[in-house]
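What follows is chain A paired twice: with chain B in the first complex and chain C in the second.
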Partner chain A sequence: MNKKITTQSIIAFARNNLIILGIFILAIITSFVEPNFLTVGNLQNIMRQFGPLIMLSLGMTFIIMGGFIDLSVGGIISLVAVVTVSLIDPIGQVAALMVGVVIGLICGLLNSFLIIKGGAFKQSEALFLTYGMSVVFTAVALIYTAAAPVFLTYSKTDYSIFTAIGERFVGPVSVSFIIFLVCLLILYIIESRTHIGRSICLTGGNMTAARLAGIPTEKTIVFIYAVSGIMAAIGAVVLASRVTIASPIMGKGYETQAILAVVVGGTALLGGKGSVLRTVIGTLLIIMMSNCLNLLGVTTYIQYMLRGAILILAIWLDNRKQYSEGN
Partner chain B sequence: MNTKITEPIKNIFSAQKAPIAMLLIFITMLFFKTPFYTRYNLIDLINSNSTLLIVAMGFTVVLVAGGVDLSVGGVMTVSGIIAIKLINSGVSIPVAVLVSILFGAAIGAINGYLTVYQNTEPFIITLGMGVLLTGVAQELTTARPISGENPAFQNLANYKLFGVVPALVLVMIVTVIVVVWLLRSTSFGRNCYAIGGDYEVAKYSGINVLPTKTLTFVISGVTAAIAGVMLSSWVNSGNSTYGDQTALYIASAVVVGGTSFAGGIGGAFKSLLGVMFIGILSNAFNMLNIDSYIQQLLVGLFIVGIIWLDCYARKVKRETV
Partner chain C sequence: MNKFKLLSILMLIAVMLSACGGGAAATEAPAEGGNNTLVFIPGSASNPSQAFGFKMFQKHAAEYNFDVSMLDGKADVAEQTKAINNAVAQGADVIIVNPNDALAIVPAMKAAQEAGVVVGIFMAAAAPGDSTFFVAVDDKQAGGVVVQGILDLFPDGATGVEIGGQAGHPAAIDRHDGFTTALADHPEIKVLDYQNPQQWDAAMAQAIAEDMVTKYGDEIQFVFCHWDNGATGVINALKAAGMEDVLVFGVDGNAVAFEQVQSWKNYNSIGQNVETIAMKSMEIANLFLAKDASAKFDNIVPFDLITKDTFGNFTPPEW
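What follows is the complex of A and B.
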């Protein structure tokens, strides 16, 4: 009897964590087939790729927990990257970084302003508005650079901070990883220890009920979009410093990857629950998956396909889980 | 007294945004010396918007029934590539076209099954499907444009009836008529409006909600596939980037026309006006020699503005009720 329950619970666990298990199995297979997988060089490579995506995903977690969605992060990355890199020569690197983060913040505030004033409180409405804003941000980036990429390496003045973010290691960990840890700590404290974190969950759970219960829902929306904008800006800086180039279309596709990382981590797309810690696992799995597939020689096109398939699968499974819990 | 005069004018402006805006563009273009008012440009205007119009028809059906299909760009791209590839490998044209359209129907059925029967959010599922299909398109073409080798395939879209009307336009007109008929004069169309208006009420009124709503996704897949085949035939090539912005573009055009995201409101003819309006707008921009990135910015701002207005109108309605 006891044994039967355990097998059942194992099956239930496997069913609830199908994607996570799948990626682990992939990693195990890869480590057998391709001995390069478990080398220090490859693990550092994974850590470096982790940088830009995790920043976006952390911001996206708050958005999705609040019951919204933000497709404009791709556009924000492009815009912040080109502006920041191009400003190193005229105003110096510290000021350029600050301008970059402020632009991210402004973009996020603009999104929340449109959503609140337009009453676009459904996830689908927010999706279309931010999708449109992504086109606008990308177009601004294209106009700003006349569609040409901006090179960090051509910078005439000092860009030591950028080099540090992109390449330096403090002991075994990269600088971008330390930035990530700091961001994670701050966001985790906000999520678990402050009333803002509660407000986000309640807004995502049931916005009308939250508002009637006295939760400042509109302020919460402004907050989550501002955080998403800032995190996208930080992600843009990390990305630009790693590839030493800022192109006005470099952010394309990052928004679906960020949503994928959040959903695979186990944050419900419907809002109301989730955690930045789950997103860290989700992002790690996504990066590890693409790393494994690269080592196994799978083309980027098929990887793109898999990303779409996993996104559909993750949402479908999550939906089924909630449906069966509801009954 | 004052309100009596302004009320009808206000109604005209809120209900007939697209035709009035179109009229404004036509009047504005009279003041500029451009090739806008030439027979060539006006036919090209309709021709180049035909594929989008075909996609918009299926999109409208889904929207009216309260769903949304963001995978139309992906379906369009992949079915076009399938048609080109099959024809290049020697399959006869009708068979290749049929396979492409069946592919669109199958994707629509999968979308429908996942969103309607499994009760998931349509916009995120179809967004994922769009990403998946873009990957398929890139894999099929290795992310390079492929061109057709059979010249007969080009005639499918480029054959000119009486030497004037391109076949592409005829296909578009037939699709529009069929969809207008479906939504206006069949019980299926009535049911779509009922489901989009209130899903629960429709269900308890005895409408077969599940198959009906799934069928809307299949229709959307089919129209997107037809558009894809016609696009491939028109430019005689297939490219994985054709459908990148289609879903957003169509969505905003359809909303401009007066079909709402809330479901239950709108119509195929309205969507036609919406798509033509954005088409004429960008044509006018081109004629006025506006820089393409500034055009992209203007179109983006315009899309955000239109979708925002649609949300805002619903917000006002919610607050007044």
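What follows is the complex of A and C.
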């Protein structure tokens, strides 16, 4: 009997963590086929590649837990990146970074204002509204730069503080990873130890019930979009400092990757349940999958297919879990 | 009511943006004045080279007696088809298109020609009959230039990697094909790996380069990256690994390329001179409007090879 229960629990665990197991197996295969996979250099690569996406994904976790979605983060990345890089020469590195984060915050607040004033309280309505805002933010970035990329001119100026974010290491740990740890700690405390953290889950679970229970749902919406905007801005800064070039369309595609990371991590797509810690695992899996497939020499087209298949599988598993819990 | 307010706010933002626009993405009505009208339809006005191309059409329009305007292809085949039809309806004499998909817009281009409009393809090749003419560099030739550059630095041969442009993009396919064809005569040059990013994104190129550096390390003596902005990511990856002697090739010859030629030890850019291509397009369009027998369908503009020795000979473009 005990043995039967153990087998069932193993099967249940495997079923609930199919994607994590799949990528774990992929990592084992890669480490056998490509010995360089487990070298310090490659782990540092993964750490650096992890930086921009995890920032967005952490912000997106609060949004999805709150029962919403934010497709504007791609546009926010583009806008913040070009403005920050272009301001380094005229106002200095630290001031430019601060301006970038403030722009992210303003974009997030603007999203929440439009959602509340427009009554877009359903996830589908928020999806279209934030998509529209993404187009607006990207258009502003295009107008600001006249569609040309903005890049750091190494041969003329010192950009040591800015580039340290994306390139430098403190011991074996990258600076962007340290920034991530600080953000994770703050967001985890908010999520698990504060009233606003509980409000996010309650709002995402059932907004009407939350409102009737006295939860300030509108303040919660403002909060989650503000966090998403700030995290997108931090992601943009990490990305631009890593790549050292900022294009007005560079954020394109990051919104779907962030949603993928959150859903693969196990946060419920319809809201109410989830955790930033789960998103860390989801993001790590996405970055590792890309790293493994590149090292195994898998072509780009197959990589797209796998990424799409994983998103479909994650949503299917999420729906199945919701259904079984509902019954 | 709430939704009405939301719609009003969004429309207000759109109006404000269009009011402060007027840059690359703007659509301008042709001016009166007896000149022929030329409508430029880029693949996407947000593409830096296309935005710069429009500026060059505007800059030289008077020399070629054109009034120039732009309709955005919005990186979408259906939008570009609609733009071609709109240009015909507006009474354009010449339409210059940078195709998002050369085959998909053929019916619209043929209809425009039947309506008496001269249709030119800009910075891409076309099949005879699909358009009146095309002006472009030959992306396949870029591969040959890279092979020659590798042999100049490594006469006995070398090993390296290729990072393509956006997967499935015609320019990326041609650059890869040209490189592969040129390599067939040089077995001493070995390409260890070839990957394409999902889009023309420097961060994606950098991630691919980092993974290639992990896999091949010092075996990499050269990197051929299909575009200069992507090569910025490649350089970052090489710099992080302390591989500062690697020969890097990019394509485009944009402002970033000029910077990299100066700051990286061995950087060469295969430049497509957008200004020259724009001027040539207007020159050829005029020949077709005048029904001049010397007008040719295929017009290939040679690449500029930008190196440490030659960069002083060129003016860095704005894009």
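Convention: the second predicted complex is superposed on the first by the 322 of 327 C-alpha atoms of A that agree within 3 Å, B and C clash if a C-alpha of one lies under 4 Å from a C-alpha of the other, contacts with A are read in each partner's own complex, and residues count from 1 in each chain.
One rule holds for everything that comes next: a residue touches a chain if its C-beta (ideal position, glycine included) is under 8 Å from a C-beta of that chain, and two chains touch if they have at least 3 such contacts.
Everything numeric in this text was worked out from a predicted model, so none of it was measured.
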Side-by-side fit of chain B and chain C on chain A, or clash: clash
Which of chain B and chain C A:A139 touches, first, second, both or neither: both
First (chain B), second (chain C), both or neither touched by A:F13: neither
Touching partner for A:N294 - first (chain B), second (chain C), both, neither: second
First, second, both or neither for A:K117, with chain B first and chain C second: both
Partner chain(s) touched by A:L311 [first = chain B, second = chain C, both, neither]: first
Which of chain B and chain C A:R320 touches, first, second, both or neither: first
Which superposed partner A:Q49 touches (first chain B, second chain C, both, neither): second
Touching partner for A:F128 - first (chain B), second (chain C), both, neither: first
Contacts of A:F24 with chain B and chain C, given as first, second, both or neither: neither
Against chain C, colliding segment of chain B, chosen among 40-48, 184-192 or 256-264: 40-48
Footprint overlap on chain A, where chain B in one structure and chain C in the other make contact: 114, 117-120, 129, 132, 136, 138-140, 142-143, 146-147, 299-301, 304
Complex contacts: residues of chain A adjacent to chain C: 34, 36-37, 39, 41-42, 45, 48-49, 52, 114, 117-120, 129, 132, 136, 138-140, 142-143, 146-149, 151, 153-155, 167, 239, 242-245, 247-250, 252-253, 290-291, 294-295, 297, 299-301, 304
Residues of chain C defined as touching chain A within the complex: 2-3, 5-7, 9-10, 13-14, 17, 20-21, 23-25, 45-48, 50-52, 167, 193, 195-199, 201-203, 206-208, 210-215, 217, 229, 232-233, 236, 240-241, 254-256, 259, 262-263, 318-319
Of all residues in chain B, those that touch chain A in their complex: 68, 114, 118-121, 123-125, 127-136, 138-139, 142-143, 245, 248, 251-252, 261, 291, 293-294, 296-297, 299-301, 303-304, 307-309, 311-312, 314-315, 318
Complex contact set, residues of chain A against chain B: 69, 114, 117-120, 123-125, 127-129, 131-133, 135-136, 138-140, 142-143, 146-147, 256, 259, 269-270, 299-309, 311-312, 315-316, 319-320, 323
